[in-house]
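Below you'll find the structures, each written out as structure tokens.
One chain, chain A, appears in both complexes that follow, with chain B as partner in the first and chain C in the second.
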Partner chain A sequence: MKKILAGPIPWLTPMLVLIFGVVLWPVYEMIRTSTLEISGSGKEKGFVGLDNYRELLENPNLVGAFVRTIFWVVVVVTLTILISLALAQLLNQDFPGRRYVRWALIVPWASSVIMTATSFRWMLDGYYGILNRILTDLGFIDESEVVEWLGSSSTSFPWLIVVAVFVSLPFTTFVILAGLQTIPNEIYEAARVDGASPRKTYSSITFPLLFTSLSVAAVINLINVFNQFPIIWVMTQGGPGYDTDTTTTLMYKLAFRSQEVGQSAALSVLNFAVILVFVLIYLKATGFTKKEQD
Partner chain B sequence: MKLLKKSSLSLMGALVAAVFLIPYIRMIFTALTPANELYQIPAEYAPSTFEFSNFITVWESAPIAQYLLNTLIIAGSATLVVLVVAIPAAYYLARFRFRGRGLILLLVLATQMFAPTSMVIGIYRQFVSLGLVNSYVALILVNAAFNLAFSVWILSGFFSGIPAEIEEAAMLDGCSRFTVLRRITLPLALPGLLTAVIFTFIAAWNEFVVALTLTSSVDVRPLTVGITGFIGLYEVQWHYVFAVSLIAIIPVVILFISIEKWLVSGLTAGSIK
Partner chain C sequence: MIKRGLKRGTAVAASGLVAALTLAGCAASTETSSDAPVTIRMIAAQYTDAMQPYYDDLVTRFEAENPNIKVEVEVVSWNDIDQKLKTMVQTGDLPDIGNLNYFSSFAADDLLYTAEELVPADVLADMVPTFIENSKYNGVAYAVPDLASARLFFYNKDILAAAGVAVADLETWDGLELAMQKIKAYDSSIVPLALPLGPEEAQAEFMIWANSNDGGVFADGEWSITSDKNVETMEYLGSLVEQGLTNPTPATCNRTDCAFALFAEGKAAMLNGAQFLPNVLAEQESPVNYGFTTFPSNRADGSSITLGVQDYFFGFKKEGNLDAVQKFLAFLFQPDNYAGFLEAAGGFLPATVSAGAALADDPALAPYIEILPKAVFYPGTEASWPAVQGEMQQTIGKAVEKGANVLAVLENIASRAE
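The block that comes next holds the complex of A and B.
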């Protein structure tokens, strides 16, 4: 018994089995599927090489979804980081009631994104939504006016962005807050003694020291936002038509709506390649190559 | 001056809190709205009376209990699997240097970034070929596997922070490595364990895409998917949708708030070290 417990095998095997069996196997399955022709009922009809990729590239909705995805990721992640920096700064101060503000921030984090997005969809409803009521009372829109916020992509896509930022803020804020609290107080005192202004202190002490937690938060957000499905699915289903689809929702629609499983797998392989790039950035950001490999 | 600064911070804090609570306050109000006030034009800020019976009606008319049970079984088992698998792995990675350690750490860190959403086609095809579609096992395995890396990462951060000397002393007294882990190391790493447990549990509790793809019947379908059944294309019974949402949200929020104290230190150890 003692001898068996001495090697790495009994300690690590269960983890490796789970990672290879459930995380990496689907990757293989995905790549394999992308080279097969699959019938609507899911039967394999043989190897077709890169045909699925070719068809995918000819799909009229691909370019729009792709451009939208880039815009979506850049805007949501940037806004999330900027707002979180401010929120973390606020929550790092000592003031009465801070505890309850942190609790409030936890609510969207703990809640299922599906349910949060559903609530937004209901608040944005053209006829029965509370938002139009508030805007009417404030005099921004007429009483008889029905603004269908989710009815066209020019208004629904900005709202999707708002909701995506909303659900990303808690985690990001807490990661940055964790980063802020690792900065020793002595450094701030030294800066004060040297007569540094608050702005100078922030730009030359706080921000550089936050760099690691910021980049971790940024990459985790990149991946989450890139993969974001529930918000879009609940609020617009990528519609009207394909007007608010990202590559993630398009991938789902291809497989489960249009029965184009091969094309969908090809798209998910492309998505996956993008994620791998993010992973490499993440590994670099966490300093993995330097610290752990030796 | 100081008082002024503090109270303005409090005011800002209150505003921030209010913004973050808006969708949930709306949810509570809608869940308590009588059916005949639901589709009023224009919308009212609050219902005329609070119709608490909505909760009972929805509980009795839809298989909420079954959905909730499914969610609980899936999230609970996935968390258990993660603990059983992650603790030994994280412990070994934190305590020992061996050939291939760097490679395994790389694997863990990389798979932490894999999200099931982008791989749902592969997951679906895999479980079809295994004949496990529409089963608890599939959802438990997927939720466990995709949350495993995060827990290993957090736990090994905590284990590294515990001095090896404490363990060596106990081993000199004749305890086995396993006993030391159970009696000494795990209790000391409790904040890390709690963070790992809560994160896994909540991720599994809220998981949607895989459950949407892999389940086809009420007896295994979790609440996140079940609830979309109320949202048809035309008439949506919003008061019921939100009553169910609240039933799902409230316990998790309480759970999360109860570890709020450790949340920051957990994140520091896990994602930054």
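The block that comes next holds the complex of A and C.
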């Protein structure tokens, strides 16, 4: 006992305090809040068990938001990975100015997501947006015609996806690029000697060896995109109505617009459960459990 | 290199620690030496950027007169203040004075002092009676009005003249529709009417149009959100949208960055404006030659209404803060200080009779003071109004979309009323 106190405990204490204070306690508070009735002014009115969950499940906007969230996550992550695979391949080639291209790719990552989303919002504005200007100049739309790209979900949701992919590309590309660089050159040489076609080389060597980087990139993106708030909030606020809400923005709107703090907490518990599943997949993908067994 | 950085970091941390200990020492010593000073905190609304300097000056003078009371005023923007107050309530970290556009949900939770406790009797007696009526919850006033505003219909004089529209044409809804068609025929790139049904202020837009058609949200002690008149109102607006007489997607058009901006640039000919719109236009250096008139009406008696909006001061019940809260608000409502408040807030209607009398000759305010007896107000005295308003802001714009089920949209909003 004495040995433990003098040994690891003092070194672990800051970390343990951090985990309890920053992770476990908020989780506890969140779950507790989801079982309370909370009035419009924010006052606690007592324990109500699972009533908030029941009300949440009856909320007419939940199903739509949930389906949209799945669509949102799957489409954004798939597009991001596909484009990043190509970009990483390109950046792995030797060409003059490669360094500058790599720098340029970091820009969407380095600028704040709020800023990017705000820029896109104004580019897509019906009256002042550059997009309508260009389309008018090219003769695609009439001078007096105002296309509000963010005015209905049929056009705004695809644009949200475009922006989400845009901001996810740098990170994903660099993860894959790092993966590409770990593949030893000898293997490619051997393949060349054996007369493998470029397509065969890619499918039998590059892609399988990239699998770990790909799964890491995929899971981190899953979590990021699922939790994505600023892009949607800045560009559409989930509107018109609830037409472009994901469960993340709906959670916010429930608390601060609809004054349903309890329902909002219930939804955040559900969102948290989804994230936990993603995290477990991540740990599995990065071989966390395997290392422990070794 | 790393080592040196580390050492420096330690030194900084150590000096910070020393500073913190010294500060703690100071705090401890003052607490014991003086006779229990009270600190009160106010969360105030940022009507303009002049609010913080105004409060800084006010607090300095107040503290000089009341050495035992310290006042901390935090001026918060309209975007955040609602959320800020709610978070404070939820975490039990109550401020002492709040300043917001509603109060009833706090009153419903028994968190507030009554108006009688909040300000001295002479100040309360000086308040405009209508405003005090609107500060009641279950028949008792739990807040005092800090200021109010009214709204009128704004138009671009040059566009109207060029399109051959007279201001008198805008008295009725039929006349308005005709005028809008004329404007569109004159120049199709101009938006005849800016219709901001986006979340920012959709509830005001709804109140104005619905009440101009004998509709509204609350009448005779009952919610009336799903009334036939309201359905008719939204269908009328929907038909304007469909004819291309408004901005194409009102549901995502917010008041400030869409409607006001379009009007300021001369891209929109008309809109429901407010008392503070001239200030906004001046700030943006808008070249628009504008005028204003009463709202177009479709009421049975043909009269025109306005939307009166009042904001509130209210005090949170906390052990030992009442005396300080009361003194500070009484100080704020002293004629000179209150005049300064109105000036900093920028062109609103005063909440007190005396200040109103002093400003009655102000040409910028006169039209609004004149229309005020015809004002309709939000049902701010209902505890579920904030929830109704929140739902309305998010969804009422959907009612003017093509093929929308107006009644279903209204029923959904009404479901938030308790």
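As a convention for this text, the second predicted complex is superposed on the first by the 286 of 294 C-alpha atoms of A that agree within 3 Å, B and C clash if a C-alpha of one lies under 4 Å from a C-alpha of the other, contacts with A are read in each partner's own complex, and residues count from 1 in each chain.
Going forward, a residue touches a chain if its C-beta (ideal position, glycine included) is under 8 Å from a C-beta of that chain, and two chains touch if they have at least 3 such contacts.
In this text the structure is predicted, and so the values were computed from the model without any measurement.
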Touched partner set for A:Thr201, first chain B, second chain C, both or neither: neither
Contacts of A:Pro230 with chain B and chain C, given as first, second, both or neither: first
Which superposed partner A:Val23 touches (first chain B, second chain C, both, neither): first
Touching partner for A:Glu143 - first (chain B), second (chain C), both, neither: both
First, second, both or neither for A:Pro240, with chain B first and chain C second: second
Larger contact residue set on chain A - chain B or chain C: B
First, second, both or neither for A:Ser215, with chain B first and chain C second: neither
Touching partner for A:Gln89 - first (chain B), second (chain C), both, neither: neither
Chain B and chain C contact sites that coincide on chain A, given as residue numbers: 42, 127, 143, 256, 261
Interface residues, chain B side, partner chain A - complex: 6-7, 9-10, 12-14, 16-18, 20-24, 26-27, 30, 38-45, 81, 84-86, 88-89, 91-93, 96, 98, 100, 102, 104-111, 113-115, 117-126, 128-129, 141-142, 144-146, 148-149, 152, 176-178, 202, 205-206, 208-209, 213, 224, 227-228, 231, 238, 241-242, 245, 248-249, 252-253, 255-257, 260, 263-265, 267-268, 271-272
Chain C-touching residues of chain A, taken from the complex the two chains share: 38-44, 60, 126-127, 143-144, 146-148, 150-152, 236-237, 239-242, 253, 256-261
Chain B-touching residues of chain A, taken from the complex the two chains share: 2, 5, 8, 10-12, 14-16, 18-19, 21-31, 33, 42, 87, 90-91, 93-116, 118-120, 122-123, 125, 127-130, 132-133, 136, 143, 166, 169-170, 174-175, 177-179, 181-182, 212-213, 216, 219-220, 223-224, 226-230, 234, 248, 251-252, 255-256, 261, 264-265, 268, 271-272, 275, 278-279, 282-283, 286, 288, 292-294
Touching residues (chain side chain C, partner chain A) in the complex: 82-83, 85-90, 105-106, 108-109, 111, 188-189, 198-199, 247-249, 251-252, 262, 267, 383-384, 386-387, 390-391, 393-395, 397-398, 401, 412, 416
